[in-house]
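Going in written order, the chains are labelled A, B, C and D, and every chain counts its residues from 1.
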Amino acid sequence: MELVITNGTIVNASETFRCDVGVQNGRIVALGTDLSGDENLDATGKYLFPGLIDAHTYLEHPSHGTRTADNFFSGTRAAACGGVTTVIDVAVQGEGGSLLEAIEARHALAGPQAVVDYALHASITRFVPETFAELPELFNEGAVSLRIDLARLAAHEADDGALLALLETAGHEGILVVAQAENGAITERLQARALADGRVSPEHFPGAHPAFAEIEAVQRLLLLAEAAGVAIYFSALSTHGALVAINAARANGQPVYAEATPSHMLLDSSLYGSLDGQHYIVEPPLRVEADRAALWRGLTMGSVQVVASHHRAFTTAQKALGDSFATTPPGIAGTETLLSLLYTHGVKGGKLSVNQLVGAVSTNPAELFGLHNKGAIAIGKDADLVIFNPNDKRILTASALHSEGGHTVFDGWELNGYPETTISRGRIVYEQGRFTGEKGMGRFVGRTA
Amino acid sequence: MELVITNGTIVNASETFRCDVGVQNGRIVALGTDLSGDENLDATGKYLFPGLIDAHTYLEHPSHGTRTADNFFSGTRAAACGGVTTVIDVAVQGEGGSLLEAIEARHALAGPQAVVDYALHASITRFVPETFAELPELFNEGAVSLRIDLARLAAHEADDGALLALLETAGHEGILVVAQAENGAITERLQARALADGRVSPEHFPGAHPAFAEIEAVQRLLLLAEAAGVAIYFSALSTHGALVAINAARANGQPVYAEATPSHMLLDSSLYGSLDGQHYIVEPPLRVEADRAALWRGLTMGSVQVVASHHRAFTTAQKALGDSFATTPPGIAGTETLLSLLYTHGVKGGKLSVNQLVGAVSTNPAELFGLHNKGAIAIGKDADLVIFNPNDKRILTASALHSEGGHTVFDGWELNGYPETTISRGRIVYEQGRFTGEKGMGRFVGRTA
Amino acid sequence: MELVITNGTIVNASETFRCDVGVQNGRIVALGTDLSGDENLDATGKYLFPGLIDAHTYLEHPSHGTRTADNFFSGTRAAACGGVTTVIDVAVQGEGGSLLEAIEARHALAGPQAVVDYALHASITRFVPETFAELPELFNEGAVSLRIDLARLAAHEADDGALLALLETAGHEGILVVAQAENGAITERLQARALADGRVSPEHFPGAHPAFAEIEAVQRLLLLAEAAGVAIYFSALSTHGALVAINAARANGQPVYAEATPSHMLLDSSLYGSLDGQHYIVEPPLRVEADRAALWRGLTMGSVQVVASHHRAFTTAQKALGDSFATTPPGIAGTETLLSLLYTHGVKGGKLSVNQLVGAVSTNPAELFGLHNKGAIAIGKDADLVIFNPNDKRILTASALHSEGGHTVFDGWELNGYPETTISRGRIVYEQGRFTGEKGMGRFVGRTA
Amino acid sequence: MELVITNGTIVNASETFRCDVGVQNGRIVALGTDLSGDENLDATGKYLFPGLIDAHTYLEHPSHGTRTADNFFSGTRAAACGGVTTVIDVAVQGEGGSLLEAIEARHALAGPQAVVDYALHASITRFVPETFAELPELFNEGAVSLRIDLARLAAHEADDGALLALLETAGHEGILVVAQAENGAITERLQARALADGRVSPEHFPGAHPAFAEIEAVQRLLLLAEAAGVAIYFSALSTHGALVAINAARANGQPVYAEATPSHMLLDSSLYGSLDGQHYIVEPPLRVEADRAALWRGLTMGSVQVVASHHRAFTTAQKALGDSFATTPPGIAGTETLLSLLYTHGVKGGKLSVNQLVGAVSTNPAELFGLHNKGAIAIGKDADLVIFNPNDKRILTASALHSEGGHTVFDGWELNGYPETTISRGRIVYEQGRFTGEKGMGRFVGRTA
């Protein structure tokens, strides 16, 4: 065997055990004891996790007249250094274009650059018959979901009738719908009013995105999705009220899933009043304690299935663009800190078992997005692995990270546990703080049945 | 005293007692025993109710290229013959016009024609600053509510942001908002699809107006109203699901009220498949047993406060207009049968006390719409009275009714109890099956604080 | 006419109007203008309320080796001075005795002493066939309810099976069940533990009566009552959690009613830590802000129908009896302050209309307990009346009150509005701070169909 | 290696993969390809599941004057033939005895007889300080839970206060409480009434165990457990209403788990009216369609975590004992049919993935009951394995089963999928319809941290 990791504590979503792991041709081929390979990595006293799937990243993504700071190279480099071996990026349908063209455009950017594997959400902006017609082919091509940005429904010249029609088509095709849920007409009205009143600083940002704008969109989509017979995955959910609605739907048997981000689980809206408030501008906004508690509770109890970074890195210069919170590019970098933050605050914080952690960042996204060669340490799966040291205590600093954004909102936070080595399809792409991967190593992975 | 009604059983919303009632100058001036007047009416063995307030009528109302069959004369004549002494009609803002103009236009029609008193809802169609600015004056002029037709929000070039702004203004002014709640984008899409598929007969009508379209609109408005701090009155509510949402809001202390119609409480959507299915086309559509049970339960338990007729009469010829359910003018006549149907099925049916009946059709609308001289039999109130014979059993026939529509969907139904005499401001306008009122006797009554 | 009250503002639960009220033979015989009687009371600028029905008092009631400080004379004297013209006292079945005997024993005490009218709850302690058999006769004799003290179920040698059987019998007979709901096995266990640990001071009292002990008993009784088909009236309800369960049952159509006391609506459990903590010992205990807010919200929205004092007066000496919170006689005096506190904090506090106030303290208990000659100002009703001055501002002091307890927990509180005159069956029993009634004037009033 | 299973499709709760499995010394030591052992079993085209853990069996269990028909030999033989490699039996505290003595008594029966491994619930009947004191040692000895039979609380001379104290002790010790939840006072009352009325046949059995008796007990225990800070596992849950309460508690973050049985998921209470109605007598009773749907929905959505057989076998002669449903020994045999029924109706029925199936019958009970060497196919775990043929269609007959009860309520049902081989700690105990194990091979497995 090319590579053997010896004596680690293997953590899958539903079991923990200790053994050696043998890798050949980028796949896991042996689990056992006394294995030996051409190369051997000792994981004694360490966890061995399946590589993370970061269910939402925005690499080289146009936004507010600029682009997210990370392209597919720097973004997946940061991912690799954080234990992430698959990123799912968002392919947004262009003006007048098709979803397939959007997917192709992403491939053109990602293919030569990606260090780890990537998958793609197909994000609709044109609710026209042509788009509806390409859905079956889209999913043959491996898109992992059909994404809808509810906040921009009107901007996309769609109404709830068009939305229902799309949901029905998706339901008919068995396609999972990913929804970013906020009532855009509400937030635009409130934003315009704030700007007109001269309330332009970041502290006025959350007022333009009240909790009820999210709750409304979630309640509405739950009703429409039930009527349409389609499963919904709410991305970057942020409010207690929305989870109340989701819990009720799930108790009723409706197939609904929810995702949270470490930012929304750990950070408070009071930060918008800090000196660097613009760095916290993200959609949806940071919320209050009751919301954060609800997200953690949902994760513990199983109504939140996935934690993803929604990595949207911007430099401090980019974050200073424009003259109001409305022109600040929204986003927070996070793919590299996803695992260590969740381990520190979830597992060490007593809220999650280590198996639940693996479920939330690897197994569940693999299952929900049909990436069946990922998400577990098992024979035949891709050798995407993280050696994680639970005893590595450190203080997080932006300078130690690998994003071109050059900034982290968690700067100075203490971490209890950190990835030591990341392996992508059997190749070591990160080791002991050092990036060891190469551009273009990553491959596209598509949804399979 | 000009008129004394002797020995009736007086029924107010919160008390029942037996006495004589003395009337002078159109007002109740004495309650006692052994009263005697210029004219005396014996009510021994009869109930004496405060005159009904029919909270929603549509008289001389343009619809689908025609007009409702009743003008203010024939409509209020029918009302008077059913025990209704106040109708609240709907003044719809015209294209390019103001709400005050709409109110004036209604006055021009109603003033010379109305037999009994009338009040007016002001129904907004233009969400522009000019309309917002006239709200305070509008309510000085006595409009009883600001009405919003959610189903036509897009047709009125408004979105949820504009809706929120309107709700905030209404909340600030302390104005009650009456909402006809249905998601129009959904119903239009489904209607268009049905028509395109050739599913044009009445049996396809309810499919274009599914329960979730109402539930969605109610849930959305509840969230926006809570944020805006405004009280909402849902008119012609029809679904169990909407009442579930309303109950939750009320348990949380939100000021929310609901109204039902006898049609939605008594008739089933299976009727759309009958030969005269077009006569049952009404918005919202008739629903199923679980919905009807929920409306009755809400009325019994206090979460539905008002029952109104939503009298929209059309002749059989008018109902045959057009080539699909979408061109059939929607509406059911009902002001004349409101009281006897509710008494028969509510009180005799064991679901309501006679006091709850009076609350639902007289006291509660008086209170909610600020018609403080109406709604009770008490000194100083307008002498709007109904002598009701609980032992008058009859079979309802369209020919016995007084609407120009000439049709009732309750034809052939048995009634247990019927109004014997209706008195409007001290004048007998109906007696023993005979209309005795006159055009123009009715006056406008405005909301007072 | 013997007595006319002129020009007051009459307040019934569902209407407000201004007129003169004529009284003859203890009944209201005329409502009108320009009335004149042998005696005339001017009520210009004052409210005229129907006399209050205090739905729960405990006069001459044995408790913890002593008796409540007020007998039927002093207790109804205090009531009269507070605007209460009917008290409903509790007749508790004695050891080995029958419920009818308990009723008779109360009559023996009340008949010669009562200043205002009284009614009786029949409180069961022996769940034996003999008791079940006397229920029909009991209600022929006019008991207003069958009361169950759930906290003492085991003490009464009954279990949930016996409780179910009783509820079924009551349901079959159409008898309203009044429940004081707390899980006694829980509270006894916690109390015993506190005492064993030497935690004997009042501050340890609420810990022995946790909210969940009430919530549990309410949830259990709701389920059993639904199965048994019987209506339940929860007396002295105190927790938000219990109201959540009650709201759900009501939304489902179950006939359930709730009563609160001013003490539980206005006072906080932190008072148990004050120097005179024993004066706040009452069952159930005072709770926290969220519970008080829920009670007010319930009253505003209609899920709490009645406010009663649960007048259980003890002198300061009695309250000092014993050596722990468990031997302190539980109870708070309150019949004389019921009206002014509720007016001050409810009506002036913006939470209740004056009609809702009258509903809660007069009309609703009259309706629920079948006292059909009470609860409204209407022809033929008993002339039980309160002239209430809404502009009478004063500071409440124990010395101004008429209970033999000599103490009020509201000492020093500001009142906005106070009763000026109380009239019982046409006789003035209180006027301008002076008690003017006489022992034995009060009569028993029984439930009628 | 002693044994290799080649080419099966490995199913764990969170992943599926194909490989060979190598066994040595009763443990899984290798997962990989091209493995070879002393003995080789080909599993091509078959599933390889971790051996089932049947979370509730009642072997050699006294009941109603008789004993369950299966002792530890015949019961575990039946288990082995159905793919079950661990049974968790119930050790009931004897009169005057201790829980540890009950555990020892079970060991004496099971040790020499068990074919597969066994674990033990410790079922309390004496709520005395001595019992409370032995809890820590009990769990050092490996009992997997503290079981409470709520229906027999009074029979065990305990009340809700004693229950609370026990829950607090369990919470303090971190012990999982298993609850069989029914209100015994209710069911005894209803049963006594039925018998007194001569309603003695099986069709009268469910009436004595109404749904609300379960819902009440569940709601009560949820409140007490939340106060006590202890996790609850509801065994053999049967009603929709109870799941509604459990869902609410879980949404609120309370650690609560639920278990269902195939009997309650598949059989209807109408069967009590059949000729062999006594065979369906089981506690709790079979319910109605809405309850069954709720159990399946709970299993799909994650609020029901475990499916267990509650194997209580009785012969037809035993089931005919006595003269009423109350003397019929309650119980249904089921350990041998657990897997195939759940596969047929859950997986083939489209309600469960094969991973969810494994979670419900193996991984989740292993996790919840601390049997960390069981529940997954992973290196180091016990080699408890089932080769399952998804294409084995057969008709179930009692004669093909291995219980001494000689009866199955599923006689004649079609099965789609059946176990082909069962391996316990590396030894084949069942193969192709033939039992190949031996008495005494099974070992006790205790809970570990």
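Here is the rule we go by: a residue touches a chain if its C-beta (ideal position, glycine included) is under 8 Å from a C-beta of that chain, and two chains touch if they have at least 3 such contacts.
As the structure is a computational prediction, the values presented were derived from the model and not from experiment.
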Query = Touching chain C and chain D alike: which chains?
reply = none
Key: Chain whose average C-alpha position is farthest from chain C's own   = A
Note = chain A to chain D, mean C-alpha position gap in Å, rounds to 39
Inquiry  = Counting only Cα atoms for the centres, state how far chain A is from chain B in Å.
reply    = 52
Inquiry  = Using mean CA coordinates as chain centres, what's the gap between chain B and chain D in Å?
reply    = 59
Remark   = Expected list for chain D, residues touching two or more other chains, is none
Query = Viewed as a graph of touching chains, is the assembly arranged as a line, ring, star, complete set, or other?
reply = ring
Inquiry  = Can you tell me which positions in chain D touch chain A when the two form their complex?
reply    = 10, 12-15, 17-19, 22, 29-33, 244, 247, 250-253, 297, 300-303, 359, 363, 367, 375-376, 378-381
Remark   = Seen from chain D, its contact residues with chain C in the complex are 154, 159-162, 164-165, 183, 185-186, 188-190, 210, 212, 215-216, 219-220, 223-224, 226-227
